[in-house]
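What follows is a single structure, and I will ask about it in a moment.
Chains here go by letter, A, B and C, matching the order in which they are written, and residues are numbered from 1 within each.
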Amino acid sequence: MSQRFALAALAAALSLGAAAPLAFAQGKPIRIGVTTPIQLQVGRDTQDSVKMAIDEVNAKGGVLGRKLEMVVVDETENPEVGINAIKKLTAEEKVDVLVGGYTSGVTLAQLPHISNAKTIYLGVGAASPSITQKVKADYANYKYIFRVGPIHAGYQARELSGFISSFVKGELGISKIAIVGENAKWVQDLVPILKKSATEGGADVRMTELFDTQMSDFSPLLAKVKDSGAQYMIVVLSHASSDVFAKQWHDARFPMAYGGIDVKGMDGDFCDRIGGKSVGEISANFAVRAPITPKTIPFFDEFKKRTGRSPVYTAFGAYDAIHIYAEAAARAKSVEGDALIKELEKTSYVGIPGTIQFDEMHDVKPAAPGHKGPAFLMAQWRDKCTREVIYPKALRTAEYAPPAWIKK
Amino acid sequence: MLEILIYGAVSSAVYALLAVGFTLIFGVARILNLAHGSFYALGAYGAYLFAVVMKLPLALAAACSIALVAVFGVFMERVLVRPMRKSQLAVLMITLAVSLVVEQALFLTFGSEYRNVPAFVDAKFSIGGVDVAGQRLLTLASGVVLIGALWLFIQRSRLGSAILAISQDPDAARYMGIPTDRIFTVVMAMSAALAATAGILAGPFLSVQPGMGLLPIVKAFAIVVVGGLGSIPGSILAALMLGYAETLVGYLFSTSWTEIVSVLATLLMLIVRPAGIFGKRAAF
Amino acid sequence: MFDRRIDLAGAALFVAVMALLPLMFSNNYLIGVLTVSVIYGLWSVSWDFMSGLTGRENFGHSLFIGVGAYTAGFLNTAWGLPAWWSLPAAMIVAAVFALAVGIPTLRLKGPYFALAMLSTAVIMQRLMLIFWEQTGGEEGINGIEPLIRSQLGFYYFALAVLVAVTATLVAIARSPWGLILRAIRGDEATCQAAGLNVTFYKIASLVISAAVAGAGGAMYAHYQLQVSPQVFAVVMSITIITMVYVGGMASIYGPVGGAILLVLLTELLRSFGEWRLMIYSCTLILILFFLPEGFIAPVWRWIRARLGARDGASR
């Protein structure tokens, strides 16, 4: 009897002792490491969005009684700098979780270092499917990697080919198209899928070309597209000079309208900063200020109020990532480790572009029948640099208006 | 293939403006000015600053920008380059460092996003079924006029003769009483002004961002090496060759190979004939 | 004789400090920064051996670094060879490139040679992008295995390589070989007239320089665990030249200090965020202006002279 009593007393003492450091830790803030190209719009918006989400979470008491705080390191678009950013955040700043990303090449380079640091990474900007492939292939080492946004390049290709077959061909009656993109990994992943499904959908792909990301004179390329007989140009651009592309297209009044994935074309001031020359272009957006989910409009308004800008796609992922992390950590009662990973995997969170859930590769699931996940919206730049949603038809806010010099 | 003819000509015009300035200062002062691309960038940004931010009329903005860049060029030559003249490597390094500082300064002041420089001509022209932007044609025309004027100036004026003399033999020129240092300054100003003009003309249709001076300087360098350092006709010929080679490669082959054309041309020419096509002798 | 002993003492002190630093501040991030600085040191020393001694400035050193790194990448991922094969392979490949590029270009004078080398590096970079299907393009080769798993272990290995290479190259530089290389810098025509096979010496020193740089490139690949076309960039070559400038041209050991100093400086400037590169470039101008002989080597020579004089005076 006394032995048991002694053991119980010992156990109680030990657990109190164990609880003491835990109570101590409760004061320390949870550090969110943000790795993003701070010199670009996508980077600025990631930071502002994370800040916004952190303020909201902290206002409600934080996570497990601890406040969140942000540490930012510039990853630029260079893999070497990106690797260094991860090392800085994990080894020196000792953050609890990583959020960010934009260039797929940088993220791919960072993966082994993230894995070595055993820190959870919530991707918000890079689209290459390769990023999440290792999660399934080598779960033990790569279980830390999650992609909150955007939907990966393969899904984007699918959405884009839907746009081509039901809108470009279906509504505009154009079947001769050209596919033009920058020579980056995510585009290399995306274009073959796009070409195949567009052709299966009845389009006549007259020309496909990937150009050097640094190219600044697109006239030969645009002339080639014109000569190929294509009447609509599908673009896939992210790092390339979308501004120059739009300006040169407009200045020479090339007789094909264009649209597709144009990351810089998502910037709120894209049209204004090139003197309105992108009017007519249709570019994909993952969310616009429309009631896609109950969170969408409040987010756009609050972001605009705080920063004066309209958010780009990394902002959506970043905002949702912080909330998803906070909620999963509360459920798992832990801010890192396997318990948290298990809870993250079970995420079903209503975010800004849709409901966020992860598949078995920790990749955000796109919209599907029965699942209101993130999807594509094709929005067109209109006179006075406003935007209207053209596709999908269900969310259309205005009828398509061809560029001024093109007869419909 | 009329498109190739026209686009090639426009590309050549921009490159020629850059190359001529570059080869001028080299021929006269033996300065390999790696900051030449900065003059190009500053010209474009200057036009942006004066025309868009300060809302001056475009012609005035352009003139102010050119003047400012010329002054900057003179300042750079006098203060930073002249003390280093004894070592070719030092001049290369310091002009390179200047180009880095300028790029960073532009980035810190204007941000990394592209800026929009307004065009002088907004219309579009259709030449034989080829769609060309008006601004491009203006660039071509201006290039021809400016280079022609420069050529005449060098051939006909007293200052021009002095420049030629110094290019051939700086010491002899000095003995003849030609104020070489002052002429270096004038030539630097001209060189900078030409590059700035190229930036103002091309800015509307090419990209205006802090790093915009890098690729043009690589191409200008390629042209100057191929044409012959110090030879203006050489630069013009090489500019045409390069402009057309790039357009042809991009059109017939694949656009991903265009950027390599200029560098390959430089390397091959250096190996085969360092003096270039019209260079009188290898300059070093 | 005296100089040698003081030199050895200085070198020993340096090695001791470098070896003890990570133990004093057991910070993984610091070890990482030091490892990178040691690898840059390797590249700077190799550059100085050729260009510093002969005076033929090579603006395309990144070519050899890049081919070494990509060789490591290919061998490790596409051909699945264990990581240790990369080092000798990288050295051989880099040496071959040195021959291929050096033979036609070394007869060019000064800046022509510099710019020809620059062009080759740029061309390689472009080719990596054009043949993206084989080379991984912009994203490069990922998933390379680390050479040594332990951070500290890798650091000590790199440090050992740096010390060994520097000692060897300094020895060569002080031998008759080195004298010939310096003579070529002084007046090549006279050397040729004197019957020396100038071409052989120039090419040989380029090959050695390239092999070391290539080995460094392979080590870098196995450290970063990825290679991308940025490794061929002009910025890489210019950074190394700057490091040699700061260290002291033609001293061979100076660039080691230059490399470490500049890498640490870059780290310290990180807190300046966007202003970092601007400060870096301005510093470069100031160094070019006021310290053309460099910083590290002149300081060391001054120390050595003081120590030598002091001992001499006491006799």
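We adopt the following convention: a contact is a pair of C-beta atoms (placed from the backbone, for glycine too) under 8 Å apart; a residue touches a chain by one contact, two chains touch by 3 or more.
Small disclaimer: the values here were computed from a predicted structure and weren't measured.
Leaving out subunit C only, with every other chain where it is, the touch network remains one piece.
Of all chains, the one whose mean C-alpha position sits at the greatest distance from that of subunit B is A.
Simply put, of A-C and A-B, more C-beta pairs touch at A-B. Taking each chain's centre as the mean of its C-alpha atoms, subunit B lies 33 Å from subunit C. Once the centre of each chain is set as its mean CA position, subunit A and subunit B turn out to be 40 Å apart. In subunit C, the positions touching at least two other chains are 129, 274. Multi-chain contact residues, meaning those touching two or more other chains, occur in subunit A at positions 39, 183, 212. For subunit B, residues touching at least two other chains, in rising order: 107, 256, 259. Interface residues of subunit C facing subunit B in the complex, by the touch rule stated above, are 57, 59, 104-105, 108-112, 114-116, 119-120, 122-123, 126-127, 129-130, 238, 241-242, 245, 274-275, 277-278, 280-282, 284-285, 288-289, 292.
The touching residues of subunit C, counted against subunit A in their complex, run 27-30, 32, 129, 132, 136-140, 142-143, 224-226, 228, 230-231, 270, 273-274. Chain contact summary for the complex, subunit B toward subunit C: residues 32, 80, 83-84, 87-90, 92-94, 96-98, 100-101, 104-105, 107-108, 218, 221, 225, 256-257, 259-260, 263-264, 266-267, 270-271, 274, 282, 284.
Listed in rising order, the residues of subunit A touching subunit C in the complex are 38-39, 74, 78-80, 83-84, 87-88, 91-92, 104-105, 108-109, 111-113, 128, 183-185, 188, 212-213. Note for the complex: subunit B touches subunit A at residues 3-4, 7, 11, 107, 111-116, 118-119, 122, 124, 130-136, 204-207, 215, 247, 250-251, 254-256, 258-259.
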